[in-house]
Amino acid sequence: MNTARLPHLFLLLPLAGCSGWQSALDPRGSTAEELHGLFWLFTITCTAVWGAVLLVLAAALWRRRHPAGISEAQQARSERRSGVAIGAAVAATVVIITGLTFASYLATRGIAEEHPEALTIRVRGYQWWWEVLYADSAPHRAFLTANELHLPVGRPVRLELATADVIHSFWVPNLAGKQDMIPGRENVLVFTPREPGTYRAQCAEFCGIQHAHMALRIVVEAPADFERWREAQIAEAAPPMTPEEEAGRQVMESKACGACHTVRGTAAAGTLGPDLTHVGGRQTIAAGMLPTTRGSLAAWIADPQTVKPGNNMPMVPLTAEELQAVSAYLARLR
Amino acid sequence: MKHRIVADLSGLPLHGAGSSSQTWWGTLAFMLIEGIGFVLALAVYLYLASIAPQWPLGAPPPDPWPGTIIAALLLLSAIPNWLVGRWAEAQDLRKVRIGLVIMSVAGILPLIVRIWEFPALNVSWDSNAYGSILWILLGLHTAHILTDVMDTLVLTAVMFTRHGDNKRRYGDAQDNALYWYFVVLTWLPIYLCIYGVPRL
Amino acid sequence: MTRPPEDRDLRDTALDTGQEPDALERRLARIWRTPPGLVNALSTVDHKIIGRRYIVTAFVFLALGGVLAMLMRLQLAQPESRFLSPDLYNQVFTIHGANMMFLFAVPVMEAMAIYFVPLLVGTRNIAFPRLGAFSYWVYLFGGSMLWIAFILQMGPDVGWFAYVPLAGPQYSSGKRADIWAQMITFTEISALAVAIEIVVTVLKQRAPGMSLDRIPLVVWAWLVMAFMIIMAMPAVVTASSMLILDRLVGTHFFNPAEGGDVLLWQHLFWFFGHPEVYIIFLPAVGMISTMLPAFVRRPIFGYLPLVMALLTMGLLSFGLWVHHMFTTGLPRLGESFFTASSMAIAVPAGVQIFCWLATIWLGRPAFRVPFLFILAFFFTFVLGGMTGVMVASVPLDTQVHDTYFVVAHFHYVLVGGAVFPLLGAIYYWFPKITGRMMSERIGRWVAGLLFLGFNFTFFPMHILGLQGMTRRIYAYPAEMGWGGMNLFVSLCSVAMAAGFLLFFIDIFRSARHGEPAGDNPWEASTLEWATSSPPPPYNFVRIPVVTSASPLWDEKGSLPVVSGLAVNRRELLITGMGNATPEVRETSPQNSIWPFFAAIATSVMLVASIFTPWAVVWGAIPLTITLIGWFWPRGTPEDDS
Amino acid sequence: MMASRFALLAFLALLAGCKREEREARLAPPIAEAQGAVLVMPNGISGRPHDVIAAQGDAFRNNAYQLSQGKRLFEWFNCQGCHADGGGASGPALMNGWWRYGPDPVSIFLSIRDGRPNGMPPYRDKLTTEQIWQLTGYLQTLGASTASLASTSRNDAMHSRPAENRAPAQAGHTTRPSP
């Protein structure tokens, strides 16, 4: 039977998937590393068991003859032997299962440890974007951003996960396992990013029409870079530099934009959509749909329902000049 | 394959009672299904109570009188119910007829009292989760009384026709009595939950 | 109606005069038959006719669900595809899941039970056959409702699990989630009805001598399945009723702001949902245990451990539901308990595998098509079991939960563990149902295409999941690098679809032109092969007597039977629960149109109650009338005693 | 016979539900533009808006998706700040079936878009025309004496008024008993 040879082929395939910026096989954080070890322990053990079962099956099929005229005594003996073999196999199953359960219990304990000096960030899921709040003991140093998380490398993080509407699930496979965001409850996720880089997170619990496009960037950077970023975020929005940008700010304030979005330092103070104070400095817009460029901002504002059908941003009627101006202004907000 | 006859079963009875009757098993299975439904509803009640900051939620405890009267009526009805079961076993048509009429009345009485029990809960189903689960528990039990009363009424009617004097009908009467015990028994934990738990 | 006096209590012994050789057969056929005509077709209570309808309907739903699967694969074949809109895609994956679980997998296992349990235990009809007819119509109407709703853009789009609050009143507008909830009610009513029939048939209608240790393993499996349905399905009916009440009359079961709880839904749903998997899986392994002996030419090795394994799995499956909720932030200690219990179920599953291996080891395998499906089962299901051990671990589950890894896992378990054995069982029992063999040559192609197509379609999904591809997404950005593997998966899924297509072609072809099968084409050992193919309306001319677990192998030459049953009315034997000693000669109901009417009344009530709660009140009136019509005595010979 | 007639009936009933479930996330721009063409005084001095305009509002009143969007906006734009979930506070009640400026959709549309004296601010700069129509559709279900099949249901929030699909709204609106 070639059934016995196929598994080797399959075994090679996972190796192809060992890297990626949203991959559980490429751990870059404390929790993910722990889980990665556990994953290979389980995978190797299970593959061995699976292989053993198929080998026995193949052997059983191979010896298929069994002369019809076998003696009663022989038959009874081989049945007895089979009974013993089954007993042994069951015992082995129990041992393996117990071992794996214990290993997974140990891993759970290691993961849940809290650190007093952890950086606390509140992440809130919305249909279909993420709100990120960097709290601070001094209220004026707290700030809101969206769809992008910056973390200093090596420092434990404590994410407080909540939702504004339905259940979402926060998952950065490179850093940690997932944790749901559930109405009426607050969950906490603790981990330590170990290597700088940009990772991608995605909502893992089905949350409605645009569940597929609810992504989050996680930028893990050196502590100094993180502090610089943080100070920049605390600041109010950059002032417009050109007349076009000035016109853009006026559009932002006078048209429907400001009813939902905040740009700190301007009259736009809506709280229904993502905070746009530093939108130009983020890597993506629309929760990971498009890279942040002036062009993609214009495309998004001009027709959000074609880019991301069903999302809650309406198509605000703007003239071509207004559209140009507002996208120039937003791109400037670094 | 050729047949060889090894036994003649002509002498077997034509209808069995109790565990020899299919309908008895069917009744049992229905009671199991519905019993699990009740257990789940009660579990939901206790689950909601366990996560609530206080219980009952935003309402005074329910007024216990109508529920207590129903409990008393149901417990009392167990006596004629037991008698009907015995008369049915003895295949006494006249007594079964009388008994079933009594049981029809005994089934309708708690339904009438129940009209006052819903307002006595002091909470609406759409006020909060406490009100919702209370109404569902009571509604579920009411539905069971209602179906058993319907069953009793139809059976009573059959008993007064030419189909009445038949072993099968006596079996039905026994199964109906069995089911009524179930309706009575399920009320007790529900009663305790609705009226007892908020007063703990 | 007056009958000639000699008809009263006429028994088969009276027809043994030898003057007419098949007088008994003709008499029985007249009593048990379903006459031609539409009304009679709607009235029949013959378990074989109902079972056949049930099986065919379930396979129609399988084909429809498969079409949806292919639509999804077409959509996902390339990044950011715009072939399906997100709104449509969400309906498609929801209906694919709900359809496969509620309209195919569970019903088809029940359907096989309706057809084969009476034949396997040696009786003339299933218990409460009118309930079976009712169950079928309710199932058909409920399934049709879901698909009609889909055509009308009212298809549920909340996932087959319908988590609140997404499926709740605020976030799911319109009637889509209500359609889902009421489809649940339909299918659960029909499943519970069948479960009762199976329980009573197996416990009380077994052939004399078929004591508990001689029951065919598949019947044990169906018995455990029936009990699991009885224990598990009320939970989902409770949950879906609470959902529909929340949506329709404003109750607050799942509203955290008013004392409700979102996780309550998940607890209730998975308290049903996990046993559900075993409800599908246990009959399938039962089929393997029953088919295997015919292809290795020896009785199953380890009958008792296999029965114990079935019972243990049935029991344990009720203690695992939380492993679907490992990422919801429940207390750690509880999670560890559920890890342990989830892994523990690997032990009885292992026992089964080892017993089958021993059976093959000790026997002489014949590579016929059903046996090929059993081999495909081994390869696929054991792999799915292994990934099952992985998802049972809390920490690992936090990485793979809600990713394509899980999609791969449960398709391995459900397709490998249930559909492959089921297809094997269809090849195995098709000759009994139709009297004709299916093609061995096409069958090998079917098995090969499905086995290869399945593995190449679903194995890469493990890797996709580990690479971060989450479930239930209608599109993914090209930059994720999942495009290549998704295209590969979509291409391979065509092979799988071709396998199913070929299977259906073979069914149609063989039903008309297949080689005549004879009574026992596999020379198998169980009772259903003791009667003709297809079985006559009365199943057995005389009720067989069982003296071993492999009656047709151990009774060489002639089959012991009993006589003395009445032939002037539908009569069967009620036997003791433990060792099947005959207790009563009981009647079996005649055909009736009322179950059909009752099913219509039920359907009207359920569909209307999606729109107004008052439907429960006025809808109850026709339902009551039809039920009275159903149960009102008719004074037929079946009513005598 | 009976079965086929029943099937036909069920089919027709469902067909009627068809439009109610359509989810049009994006109006075609010309339609969106036409929907904004509501003037207070069509002929410059007085007069009623054309019926066609009013009919455009129908699509928003009988479609479940549009109504739920309207409900979301009602919350998002803090209508309850003045109208208190429809019961009325500093602003008038919205669920007693009494409309100060008339019950027709166009009047409601104009009230939202252009504002009204004594405190109702104009929303023309905060909402798009489509959104104002969605809100209008939703408001009409608030005071309905019979609930539309497309009507929204309760919110996952504190319970301050009966669900919109429980009509007539006022009848079911009892004050909560105090503990």
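Letters A, B, C and D mark the chains in the order given here, with residues in each chain numbered from 1 onward.
Convention: a contact is a pair of C-beta atoms (placed from the backbone, for glycine too) under 8 Å apart; a residue touches a chain by one contact, two chains touch by 3 or more.
Model, not experiment: these values are computed from the prediction.
Chemist: By the touch criterion stated at the start, how many steps lie between subunit A and subunit D on the shortest route?
Modeler: 1
Chemist: Which two chains have the greatest number of C-beta pairs in contact?
Modeler: Counting C-beta pairs in contact per chain pair, the top pair is A-C.
Chemist: Report the most central chain, judged by the distance from each chain's C-alpha mean to the global C-alpha mean.
Modeler: Here the chain at the core of the arrangement is C.
Chemist: Need the CA-centroid distance for the pair subunit A / subunit B, whole Å please.
Modeler: Between these chains, centre-to-centre, one finds 52 Å.
Chemist: Just the number, please: Cα centre separation of subunit A and subunit C in whole Å.
Modeler: 37
Chemist: Per the centroid of Cα atoms for each chain, what is the distance between subunit B and subunit D, given in Å?
Modeler: Whole-Å distance between the two chain centres: 46.
Chemist: Give me the residue numbers in subunit A that touch at least two other chains, ranges are fine.
Modeler: Within subunit A, the residues that touch at least two other chains are 183, 209, 309-310.
Chemist: Show the residues in subunit C shared as contacts by 2 or more other chains, in ascending order.
Modeler: As it turns out, subunit C has residues touching two or more other chains at 87, 165, 171, 246, 249-250, 252, 255-258, 261.
Chemist: Would you give the residues of subunit B that are in contact with at least 2 other chains, written as numbers and ranges?
Modeler: Residues 126-128.
Chemist: Per the touch rule above, enumerate the chain pairs that touch, sorted by label.
Modeler: A-C, A-D, B-C, B-D, C-D
Chemist: With touch defined as at the start, can you tell me which subunit B residues reach subunit C in the complex?
Modeler: Checking each residue of subunit B against subunit C gives 1-16, 19-22, 25-26, 29-30, 32-34, 36-37, 40-41, 44, 47-48, 51-52, 57, 125-133, 135-136, 150, 154, 158, 161-163, 166-169.
Chemist: List the residues on subunit C that touch subunit D in their complex, please.
Modeler: 42, 87, 148-149, 152-154, 165, 168-171, 173-176, 246-250, 252, 254-258, 600, 604, 607, 611
Chemist: In the complex formed with subunit B, which residues of subunit D make contact?
Modeler: Of all residues in subunit D, those touching subunit B are 154, 159, 162-163, 166, 172, 174, 176-177, 179.
Chemist: Enumerate the contact residues on subunit D facing subunit A in the complex.
Modeler: Touching subunit A from subunit D are residues 23, 25-27, 29, 32-33, 36, 72, 76-77, 125-131, 156.
Chemist: If you look only at subunit B, which of its residues touch subunit D in the complex?
Modeler: 56, 58-60, 122-124, 126-128
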